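Next come two complexes built around chain A: one with chain B, the other with chain C.
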Partner chain A sequence: MKEHLGDRDLLNRWTGEYERASIYHGLDESNFRDFEAQWKPVLERRAAEFPNWTEAADGNVQDAHWDWVGNAKAESRYDTFAVECDGMTQGLMLVDLATRFARIQSQRGLDLCYVELISSAPWNRPKFSDRPKYRGTGCALLATAVSLSRELEFKGRVGLHSLPESESWYGPLGFTNCGFDDVKKMQYFEMTEEQANQFLADREA
Partner chain B sequence: MKLHFSNDWMRKAIARYPDVETEAGRPLESPALADEIARGKVAIMPTRNVVQLRIALGALVHQLRQRDGLTLEELAVRADVSEDELRQVETNSSYTARPRIIYQLSSFFGVSLNNLSQLSGETHVVGRQLYNDAMKFAAHSDALTPLTEAQQTLLNEFVAILNR
Partner chain C sequence: MDRRQMTLMLSDKEMELLDQLSERRGMSKTALVRQALRLYQSVTERIDKGEKVFVEHPATKDKAELMVL
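Let's turn to the complex of A and B:
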């Protein structure tokens, strides 16, 4: 069941104006259709232009291979989220609540929200498009993940593996870089309760 | 659920953070991961408890391998199992390990076949105590760092429980 969580603004870079976006818990057929029909062909076309994976990383198209639809439909352990604006899915997130535990020493073994996948639409990405459209989808989704963590009494604890191109993003947000995960072959980041409070609270005023 | 951030926060966050879009997750360029997804599409979703047991199994195999100083490839050769399947057992909690690899790993590490089978989620009945012990072990496992003394102790205790 798709639940409307609330409306928040995204910045339309084309106009410089804020536009109202809706955040949803749960995906429906319209999100799957947007992904299949609008996201995937663009990502796949772009990925095919790169002769190898390293260059593809620089072109910001790594998740062309992500099977969002397959993941979201098949693996019911995921909580799914979408950001919609201008009648289109602008961002998607899968959160795993069942199988991950915190790794930072101060909170090791405690429950957390593990962000399995997070992505904004290809036309919103600065490195991907010459004229990226909306800014803020990733931020809205991460703040939603922290909100979910609080709602579940996980106190804002969130963990994720970052794609290489986004590693510089998580430090400023307050995540701790826990190092390279040899199993996932990616950098692992985690947010503590204190970091989550800082992330959401200090900009409320 | 409700959102714990206001629209004012949202606007300030857009202005404050670097103009890099957030991406996280797993790139699916490797055949093993693509295969995982393919399996995910057709698999019946295991229950939360089965998934958790498989996490404990993955952590156990990973730590026993670390303890013995073996790479995935080396363990695969020495235990006579497929490296890809071994990787699935260590990292993919949706993966149903085949009886053969459980048998081979049980022989190689000297861990009870019956209890290892229970951790793989293949059996329908799992002892409550084993489940609790497995959860305790999984919760204190960390794939990011070499085995610490404390983890080594937990590993030894868990193996002793499995062989009790």
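Let's turn to the complex of A and C:
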């Protein structure tokens, strides 16, 4: 079931104005339709312009193969989230709350909110578009992950593996780069309680 | 999130375990029970799909399969 969690302002770079976006827990058919009809075709078209997955980072489309609909429908262990603005799905996130545990020494083994997948709509992405539209969808989703982590008494702890094209994004947000994970073949990032507090304080300022 | 209330009856031993785990993991007893439920659901779902869940010894790499009936 889809639940409205709250609202966030996204900057419309085209107009310079902030617009109210809604954050939802759970996806419905409208989100799946947006993904299948609006996101997926342009992501796949853009990804096809690059000779391989590594170079697809230049177009910010290394996630073009992610099956949002299949994952959201088939895996009940995942919790799903959407950002909607201007009648369209602007961002999606899928988190695992059960089977991942913290790796940073100070919180090693404790529960955390693991972000399995997170994406902004293609038209919002720098490098994908010359004129990306909304700014703030990724941060709105990460703030939701931190808030959820707090609500579940995980104290804001969040972990994720980053696509190479996104690695430079997580450090400035307060994540610790825990290094290359040989199993997932990706860099692993994690946020402590203190980093989560700072992250939310920065968003509220 | 909407919540519903229920009464949970535990033995002394189970309550002691709940106390210990909630202290160790820095969570309330309620949060710990919720998290245990999520973990149990996830393991059950994977096994239902034919996947295997193992625990591995860090040094010997010996694996023991976790069975959920």
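Throughout what follows, the second predicted complex is superposed on the first by the 201 of 205 C-alpha atoms of A that agree within 3 Å, B and C clash if a C-alpha of one lies under 4 Å from a C-alpha of the other, contacts with A are read in each partner's own complex, and residues count from 1 in each chain.
Heads up, the rule we're going with is that a residue touches a chain if its C-beta (ideal position, glycine included) is under 8 Å from a C-beta of that chain, and two chains touch if they have at least 3 such contacts.
Every value quoted in this text rests on a predicted model; they were computed, and no experiment measured them.
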Q: Determine, for the superposed arrangement built on chain A, whether chain B and chain C clash or fit.
A: clash
Q) Taking the superposition as given, does A:His25 touch the first partner, chain B, the second, chain C, both, or neither? A) both
(Q) If we overlay the two complexes on their shared chain A, which of chain B and chain C does A:Lys155 touch? Say first, second, both or neither. (A) second
Q: State whether A:Pro41 touches chain B only (first), chain C only (second), both chains, or neither.
A: neither
Q) Touch check for A:Ala143: first (chain B), second (chain C), both, or neither? A) first
Q. After superposition on the shared chain, which partner residues are touched by A:Ala98: those of chain B (first), chain C (second), both, or neither?
A. both
(Q) Please report the chain A residues shared by its interface with chain B and its interface with chain C. (A) 3, 25, 75-77, 98-99, 151
Q.
Which stretch or stretches of chain C touch chain A in the complex?
A. 1, 25-28, 31, 34-35, 38-39, 41-42, 45
Q) Quick one: in the complex, what on chain A touches chain B? A) 3, 5-11, 18, 23, 25, 53, 60, 62-63, 65-67, 70-71, 73-77, 94, 98-99, 101, 103, 108-109, 115-120, 124-126, 135-144, 146-148, 150-151, 160-163, 165-166, 168-169, 172-173, 178-184, 186, 188, 200, 203-204
Q.
Under the definition above, what is the set of chain B residues touching chain A in their complex?
A. 1-14, 16-29, 34, 37, 40-43, 45, 48, 51-52, 55, 62, 90-91, 93-94, 138-140, 142-145
Q. For the complex, which residues does chain A have touching chain C?
A. 3, 25, 75-77, 96-99, 110-111, 151-155
